Amino acid sequence: MAQLLQHLINGLAAGTIYALVALGYTMVYGVLKLINFAHGDVMMVGVYMGYATAIGLGRQAQSSLWGVALIFAAAMLGCALLGFFIERFAYRPLREKPRLTALITAIGISFALSYGFQLDLGFKLPLPGGYELSLALPGASPRAFPEIIRPTEWLIIGDRDVVIWNWQVISFLIALGLMLVLQYLVYRTRFGRAMRAVSWDHRVAALMGIPTDRVIALTFMLSSALAAGAGLLYAIKDTSVSPLMGLYVGLKAFVAAVIGGIGNVPGAVVGGLVLGLVEEFVVGYAASTWRDAVAFGFLILVLLVKPGGLFGRVAAEKV
Amino acid sequence: MRRLVPMLLAALAALAAGCEKKTQPAPSGESGAPTATAGQSAGSAAPEGSDTILLGEVGALTGGQATFGISTRNGVELALKEANAAGGVKGKKVAVRVYDDQSKPEEAALAVTRLITQDKVVLILGEVASSSSLAMAEKAQAANVPMITPSSTNPAVTEKGENIFRVCFIDPFQGFVMAKFAHDNLKMNKVAVLQDNKSAYSIGLADVFTRKFTEMGGKITGTESYSQGDTDYRAQLTAIKKTQPDGIYVPGYYSEVGVIARQARELGLKVPLMGGDGWDSEKLYELGSSAIEGSYFSNHYSPDNPDPRVQKFIADYKAAYGGVPDALAALGYDAARVAVEALKRAPDTSSASLREAIAQTKDFPGVAGTVSLDEKRNAVKSAVVLKVADGKATYVTTISP
Amino acid sequence: MSAPVQVTPEAPMLEAAGVSIQFGGLKALTDFNLTIRQGDLQGLIGPNGAGKSTAFNALTGVYRPTRGDVRVAGQRVNGWMPHRINHLGLARTFQNIRLFRALSVLDNVKVACRAETLSHQEHWLPASLFIAALRGVGGVGGEKGARGGQRLGEQLIEQAGALVLQGWWRSLFLTPGFQAEEQRITERADALLEVMGLSHRRNEEARNLPYGEQRRLEIARALGTQPKVLLLDEPAAGMNTREKADLMVLIRKLRDQFSLGVLVIEHDMKLVMGICERITVLDHGEMIARGAPDEVRNDRKVIEAYLGDSYLESHGGAA
Amino acid sequence: MTTARSATTVPEAGAVVPAGLKGLLPVLLALPVLGLLEWLLRASPFATYLLSVMGVNIILAVSLNIVNGMTGQFSIGHAGFMAVGAYLAGFVSLMLKGVAISFLPEALSDQVFFLLALLVGGLSAALCGFLVGLPSLRLRGDYLAIVTLGFGEIIRVVVQNTDAFGRALGLSGIPQTSGVGMVYFGVFLVVLVARRIAGSSHGRSLWAIREDEVAAEAMGVDTTGYKVRSFVISSFFAGIAGGLFAHFVPIINPGSFTFVKSMEIVVMVVLGGLGSTTGAILAAIFLTLLPEGLRSLFTSLGAEGSLAQKVDQIRMPVYGLLLVALMLSRPQGLFGTKEIWDVLPKWWARRKKGTS
């Protein structure tokens, strides 16, 4: 029983991260019909930005409330900016071109980021006062993400059979908060309405006076910021950061988005949670070596039964 | 305020920045202060001139195993810097050309062919991953160029032919060492195994450990696996926890083991973890923090070793690359030094005489243990078992073959 | 309600009996009846959203009828894939032109010409032996195994067989027979382009043609499949008066030259009244009238529902 | 390259050849060229290896182009089919390692077994292609793409967990019977097949599906059947490519057939221009040589030392940025949907006009 509960907690925790990253995939796909393969790597960059901020703050400050807020703010803003530049210079020029073209630039950016961050090049600038600025690519080794939320036990079940930690609760609340904010943005604001209009048909939306370029850029920035937030939660949970982390998480989150029905916001959340739980239970109760095969097999099964994913619908073509 | 400025700049540059005080070691090699020995380094100019002997190295500098490739490269580089500072070989400088194989065996084969036929290197160093080393060995053997692998522990590598050597011990020995230690010294009866399914090294050690430990009368309570690059091992650990083992054998690499240790403790698994030389890195203590304390792993050498050669190596490496060298760096260093010694002893740089010279390596005082090559061209070495305590590895015992 | 059926000697080529189509709760087409024989030239009219295109889609297999039967050449084709219905001799054009835009004008027609070339492959002895051997190996002789497995095996055989049967091997070896056949296809396609007056555009990309010519190319392409019944979905849309007049003549000519049955959807009353011998009027998915042009023109229901007051005024109050 | 050109240009210029011979002519022309190539390269292992890798990449790109370019489907699991071919062909060869046909010289007998292994690899990959193609009945566009991606990953996991395939270490000791001649015979075949399909009613049907599936169906094209068949043919050649790969690379390993490999092939196809066989060939050549070219460039710039050593790592990020730059400057790919002989003359004419 305790084991089942533990698996449930593990699965939900992993699923929450998948869901957050999947939301970014889904939003970008919604407005551009583009599978943004660089999304996971943007997340990775965000995590490193958070990491740099945390190190810069020092041990004491990084775990204070404002410190955590600053880390999240820096990573999310930095990533929004990165997302803006990627959209502006790598995707926008190709918007009216075949969709595969933008996909290739996405792959190119993904390569450049994930491999670029493996370089151990860098330089230092002396600053007055005994400090120096060291600008360096992080290099290939994984690094321990600082404990910006000092772990304490939040809830103990049984004879320490299952322990729920404070950071698990806080992460979950932050994730929930981010999802609610997103839900509000998409369904309750002018921007959200514009976004959904663009997603429906960006040419018609443009004719209706919606500034599609700005909406798409904002969507990108939003999804990148979300990725940074998700990445930080991921780093808090699994305590390590590395340049390739985006590749693995990105792929899984993408699968989650498709299971839920890509382009569908609640679908991404459900898809993420379902995938997290499926993986957890395969490892826990079947064979851990087959985890990835089962995850993808599950995906194919879902698509065969529901070709548009759990919540998506296949747009019937007008003839 | 002082701290805010660099942080902001770093974030703007979209580079992950470490922003630290000068007293801390620099994380990147480029910015490291050059040491006295590295002053007239192999770094400057002169590639294939007649005054240079060119060695080739293939390593994973990008991809999933980049960490290990880069450590090895640093070790090799350091060894050659020292050799050149000491006058080189027969009045010539020794240089190394390093190619990246992206952790893929077919790229390793391409790179090694290029080194042999285009760059005309006299000797090949390389690979950490046994798959890549096997691919390289095939090509080196066919081209009749000697090759020394620093850290491929799969027995099949040196079986490829008389040109292939290694300066580390092999999987069966290391698996045996930990099984013996767990059974005899730690008095464990039930052990769970958590292996890296993407790494032949990890699978090899786990298989040997399982066999030996069972032979000794112990019981394996369960075998779980993960994939290199994973960061969430809670599912496997929760499953392991149910079997209530006395210890967990995790023959993986430090990049994952540190995180595994943390999550094991988080889930309330308090038994010691055990592993192999893949654990040996300063990063282990960073990633594992307090969770890795009290765990054991087998290794080639102990950094506690008072031998001045070892201490000097550690100091030089720290100065050049900013960090305590891991086992892979030490093995890379040893492999390069074995190569240099052989170059010195060989009458010329033809592959036949080089091969002879390498094969004669006996009682060579490497930093990662004394190297004597047997007739199968494997290093015969004893292994040490180390315990993690106070954020570093402390010597426990030595186990001989 | 429907007018008395004319008795002609031939059997009906296309027959719809009580066809209804429902999308969720929406009744797009209710109880649609139609009979077309060789040599017929009929019209289908109705205001926007009356269900004309839905009727077309039901007849050609794009939509599956919710109720009722569609028969082509005496075969009941409910639920068939459109290409199989086409093989029975039913071809169509599209309201929103759907050419193969990047292909040349000639290739557009040649795609359609392929059906004829496939039919006489099936008697090639080695191919039949191959299929027989596969059936033997697959053990799919007739007894029912596990349902899924059986279907998979059958599909595999069908596909492998198709690779041999349909002459893929001949195109790979450029057999003399294949070359002659390609020659014949090209000649046939050229002949059709000649009939439609498109020969001068032969090697241009279809998307570069002017609108009217694209419409004519669609007809040429449909004729390539050697249909017995041709369904034209607003063939004159977007044409000027002169072009429309030409088209009327052309449609009659095609009917006679290829001995077709033709069904035309049209908005332009003049065109429909001018050439069609029988007209069916749809409104809100229901048939409200059928008969000769004069009968329909004077039908009160039609005038109310479709033609409206403005028509009455401009045509001097026919009622 | 030479062979590829000869294969593709002959059908165009074959007016003088008697009809009965037309089909075989390219083969007759190609064989001596391949023999010569093999003979010329006998003493240069680096060129042999690099050309073999290039050849395999060309086969992969041209075969993927049949699905992605000609049929307009979107497969991103091509490395999975390659893995099936590589592992099964390698496995067969390992089984037959000690066997020889008595009445043939040993080298020839090896080649016979090699061909057998290739065929096994190709056919098993084709079977997988059939299974992956089937869902195309229900799935379209991106969703079909995900299924192919999932398939590729599942294959990798299966291989990683199968002892007979060497698990993580991979399969080594496969007889190295492949040579440049054999690889380029594969290239020749796939190009020939791709071009001849393109010149037949089947090719036109595939194009029609790419352009407009609904219209193609209405014109009597069995779209599902053709999609499945294009998957079968494409994966057959991916399997052949894998089989060839397994016989000149000393060890095959699950890490060589990842999602990243699949993406590299997609990149070749898109860069060459979707649907353009010659474009795919040129892109495959370019992208195979690019990393080696960068390597040469960097080693000539820097000497042995810290910078030169780091420079080899820079190849991959530079590769990524180059992709972005290439797509931005030429979004339709090298030749668009056309072939080199459609594009070059026009380009040449424009060029001349511009200068005069």
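Note that the chains take the letters A, B, C and D in the order they are written out, and that residue 1 is the start of every chain.
The rule is simple: a residue touches a chain if its C-beta (ideal position, glycine included) is under 8 Å from a C-beta of that chain, and two chains touch if they have at least 3 such contacts.
These numbers come from a predicted model, not from an experiment.
Would you mind checking the shortest number of contact hops between chain B and chain C?
The distance in steps between these two chains is 2.
Identify the chain whose mean C-alpha position lies nearest to the mean of all protein C-alpha atoms shown.
Closest chain centre to the overall C-alpha centroid: D.
Identify the chain pair joined by the greatest number of C-beta pairs in contact.
A-B
Round to the nearest whole Å and give the separation of the Cα centres of chain A and chain D.
For chain A versus chain D, the centre distance works out to 34 Å.
Mind checking the centre-to-centre distance between chain B and chain D? Centres are C-alpha means, answer in whole Å.
36
Can you work out the whole-Å distance between the CA centroids of chain A and chain C?
Centre separation, chain A to chain C: 49 Å.
Using the touch rule from the top of the page, what residues of chain C touch 2 or more other chains?
Counting only residues that touch two or more other chains, chain C contributes 62, 94.
Which chain A residues touch at least two other chains?
Chain A, residues with two or more chain partners: 115, 118, 120-121, 289, 292, 319.
Among all residues of chain B, which ones touch two or more of the remaining chains?
29-30, 61-62, 64, 66, 197, in rising order.
Residues of chain D touching chain A in their complex?
68, 74, 135, 138-140, 142-143, 145-147, 149-151, 153-154, 156-158, 160-161, 214, 259, 263, 266-267, 270-271, 274, 310, 313-314, 316-317, 319-324, 327-328, 331-333
For a test of understanding, state which residues of chain B touch chain D in their complex under the given definition.
Of all residues in chain B, those touching chain D are 29-30, 41-47, 52, 54, 61-62, 64, 66, 73, 77, 95-100, 102-106, 109-110, 113-114, 116-119, 130-131, 134-139, 142-143, 154, 156, 196-200, 202-204.
Which residues of chain D touch chain C once you look at their complex with the stated criterion?
Going through chain D, the ones touching chain C are 11, 19-20, 22-24, 127, 130, 134, 192-193, 196-197, 199-205, 207-208, 211-212, 214-225, 228-229, 232-233, 337.
If you look only at chain B, which of its residues touch chain A in the complex?
These residues of chain B touch chain A: 2-7, 9-22, 26-31, 61-64, 66-67, 70, 197, 224-227, 229-232, 234-236, 238-239, 241-242, 255, 258-259, 262-263, 266-268, 283, 286-287, 289.
Write out the stretch or stretches of chain C touching chain D in their complex.
60, 62, 81-84, 86-87, 91-92, 94, 98-103, 107, 110-115, 117-118, 152, 155-156, 158-159, 162-163, 166, 168, 171-176, 178-179, 182, 185, 221-222, 224-225
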